[in-house]
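So, here's a batch of structures to check.
Shared chain: subunit A. Partners: subunit B in the first complex, subunit C in the second.
Take a look at the complex of A and B:
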């Protein structure tokens, strides 16, 4: 193919992604150093650090940041623990059902953030499925508080982002030959040792990729935390959303968004370091 | 004996995890048949009245229409642009091919809410907030990477020798495209169309920030109602219908063109 034709084919999509997706991130950075003219929608374009001072000087925002960070870490860990056996089973045992099971397990991904959350409300609410079932079986007398707290938000985020962990794990596992595992087992290694010495190091690239995706998604989620937390769980992304959509203080919302980006970058660097130092190449 | 026991045990574990993934969607469908005003388990009585209410509700009807319109237009543009770019990347092997691929797939890894906040303030400057072109531009941007990833994988799987053979036998480029490349790329095209449409139709994160008051899609209307008034059974009924539609699309896609293999 002639280079000119290749250029013509790729250019429209590349220009769109650069102009509409990449450039706004740069604008965001600039905007976060501006400020809102009080009482109006006008922007004061003189350089100021006020937005960042406000975030890091206020325990409300710092608290939100802290909650979001450990919540995202917890969600990532739970997703990893659930996705490892599931992906392994899908790759090794599912047989002909494999495609369908992968298709169904990505449902939360294509259903968007909202519809599964609606179902979760009815699953977890005081009159909902779980509490109703437990009460009619006589296990509990009064409803378990599963909504409007961290428990509900954690369940919702794990459910929403598990596919992000499953897909990279399946890809990594499919590339992995089973010979290493068989060799280790035949030499007398117990399952725990096989996991610890063979499987985990070889799967590490997939584990890191999946963990990063889940961590980033949880850190920036606001629909699930808002609906399942019922306003009682303050996460960083919902603070940014409120500032952008309801308070209309865009410079401050931009600064909040930039802080999220900084933590995502840190997570990415950490992931790269872990892969480099502990991963093994098959 | 021991392996059989551990097989059964691992099957139980796997099924439990799958059930956990699907539970919210199953409960959503189930609770749409609860006849009461607030879902309770077990329901006092079952009825189809919320489906009826949903189909007769003018606001939800217009929102569903807007979601569909936006989804169809954005999907057509995104799949076209993504397919052209993927074909160029795979067959033309441009010099900065990897960088271009990363650029096209960037929205899959970068946080959309951060981007939407930026887009909101840029749109405000340009007077594009709450306009249909603004929404279409945003939806093409979030759906294009899904289509691009599927189409890049699809073209990589098509043996270029098939195209070369047709050409050497005297077929003009248009005939090669029509008779060889397009039929072989069809499963990928259908997969990316399905995924792109679902992503656009169900998006709430980006749309809720830039939708304005004129073009309220179904997820945006549901989300704003949810924050002010809580859950409305009519929403549950529509949500259940959308979820069933999504499941049917995925299962049919899986049967006809191995949709999940391309994700």
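Take a look at the complex of A and C:
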């Protein structure tokens, strides 16, 4: 295809990206170096690093950043552990139900965040299904705290983002020839060794892609931590929302968003490095 | 016959003098109104948008969401607003007027503004009166509690709060300061006293969420705005609501504002006039237990029992120094996050 035609075909998408992403992003970046006039909606446009000093100089915001990062890591790990056997079962054993099961697996993704999260509130609350069932069976006397803590938020995020791990893994597994596994088994490798030495290295591109998607989605998730955390689980997205929508300190909210974007970029770079390193090994 | 003709002419003339813009055909025009969803939207559709559309031929579109979102939208669209009317809370209205985002109340353009209780059209037009009182679990409080009763040791860690910053959160800080013998100008006293209640058991995102847990005795009490709670009490036998006396309930007022430089200023004024008119204000009081701001609204004794509807009642309420509170917003949010939630 001629370069001119390629350019013409790419131009609409590039223009859209420039208009709806690059320009607002640049504005966000500039805004993060401004400040809010106290008691007003006005902005002081003189350059300042105060917002970033506030983020990195205050243990509360650093704590929020740390919580967000390790929570995202935990969610990614749980999703991986759950998705690996599930994806393998779907690829190898689901048979004619494969399409239906994949469809059911990605249902949380297409439902939006709010509806499943509110459903989880009914399941996890002190008056919800789980506590009610355990109490009626005499297993517990008082309600288990499943909301307003890391447990509830983790359950919600895993439920929401598990499809992001399943889909890349299924794609990778479907392309994987079973001959490697059969060859290793015929040479006496135990199942654990087959997973460790054969399957996991070959699945690494899917694992990296899925992990990256789940980690980034968890890092920026707002609705699930907000609703299931009940204000007690401090994440960067909920802090940014509080500053943007309630305090109306948009420069500080912008700085929080920029810090979050930096960590998203770092996660992407890390993923690329792992994949490249794996490529050399493979 | 001549007398009748004269009377008819005067009557018709008077009608047009009162509603100069109503006579105009606004077909093809659209009025955009930002407000809260649920019952408020329903009442506004029934009592304001419907009559206005029938009278003018214009279309009224509602933009639903929180008042903070609307304030952000007004600020972002400062030079080219798309919203004509917006509903804001008691502290946002003066802030919006100070920043030139809304038009100052004008009884010449909005005739019903003259009937609003004196001194209430601060920043925008006063829409409804509610008070911050105590919603409580009857199983834990055998008698109606006063504010100070919330500090009994057995209720530590059993409160529920709305997300901060909010009228509820600032109101509770003002109450805590007074229980400690100070007022909101002494934030150290306010935060220290409020922290004694422990970290909240719940920061609620919906009314149903907090009321269900309170009904079951999982939550002892919550500072809540009267109208919404009282309207829901029939569904929860285990919940009571009280306006405490020492200090009195905190005054919270919803405001309706005309957005500055809006595309449809005349329609906006007509909408606001209907909103603060007797019919809408009466419906607010009867159906939502929101106190009317229009002094000409007449309620029966039973209807008036649960609403704040006279200047005397308003005078008994705790009125906060909102301009001061707004200036502290950022610092107080940090303190709320660390000292109240982060205990």
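One rule holds in what follows: the second predicted complex is superposed on the first by the 263 of 282 C-alpha atoms of A that agree within 3 Å, B and C clash if a C-alpha of one lies under 4 Å from a C-alpha of the other, contacts with A are read in each partner's own complex, and residues count from 1 in each chain.
Methods note: a contact is a pair of C-beta atoms (placed from the backbone, for glycine too) under 8 Å apart; a residue touches a chain by one contact, two chains touch by 3 or more.
All values derive from a computational prediction rather than experimental measurement.
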| item | value |
| --- | --- |
| When subunit B and subunit C are modelled together on subunit A, clash or fit | clash |
| Partner touching more residues of subunit A, whether subunit B or subunit C | B |
| Subunit B versus subunit C as contact partner of A:232, first or second or both or neither | second |
| Contacts of A:41 with subunit B and subunit C, given as first, second, both or neither | both |
| First, second, both or neither for A:148, with subunit B first and subunit C second | second |
| Partner chain(s) touched by A:247 [first = subunit B, second = subunit C, both, neither] | second |
| Contacts of A:60 with subunit B and subunit C, given as first, second, both or neither | second |
| First (subunit B), second (subunit C), both or neither touched by A:132 | first |
| Clash with subunit C, by subunit B stretch, listed 7-15, 97-105, 187-195 or 223-231 | 223-231 |
| Overlap of the subunit B and subunit C footprints on subunit A, listed as residue numbers | 41, 121, 125, 127, 226-227, 244-245, 250 |
| Residues of subunit A touching subunit B in the complex | 1, 3, 5-10, 12-14, 16-18, 20-22, 24-25, 27-28, 31, 41, 82, 85-86, 89-90, 93, 99-108, 110-123, 125, 127-129, 131-133, 136, 159, 162-163, 167, 213, 216-217, 219-223, 226-227, 237, 240-241, 244-245, 250, 253-254, 257, 260-261, 264 |
| Residues on subunit A engaged by subunit C in the complex (per definition of touch) | 36, 38-42, 58, 60, 121, 125-127, 143, 148, 226-227, 230-232, 234, 242-250, 252 |
| Residue numbers on subunit C that touch subunit A, as the complex places them | 66, 68-69, 71-72, 75, 95-96, 98-99, 101, 161, 163-166, 199-205, 209, 212-213, 216, 218, 323, 326-327, 329-330, 333-334, 337-338, 341-342 |
| Residues of subunit B that touch subunit A when the two form their complex | 10-11, 13-14, 17-18, 20-31, 38-42, 81-82, 84-85, 87-89, 91-94, 100, 103-104, 106-107, 109-122, 124, 137-138, 140-141, 144-145, 148, 195, 198-199, 201-205, 208-209, 219, 222-223, 226-227, 231, 235-236, 239, 242-243, 246-247, 250-251, 253-254, 258-261, 263 |
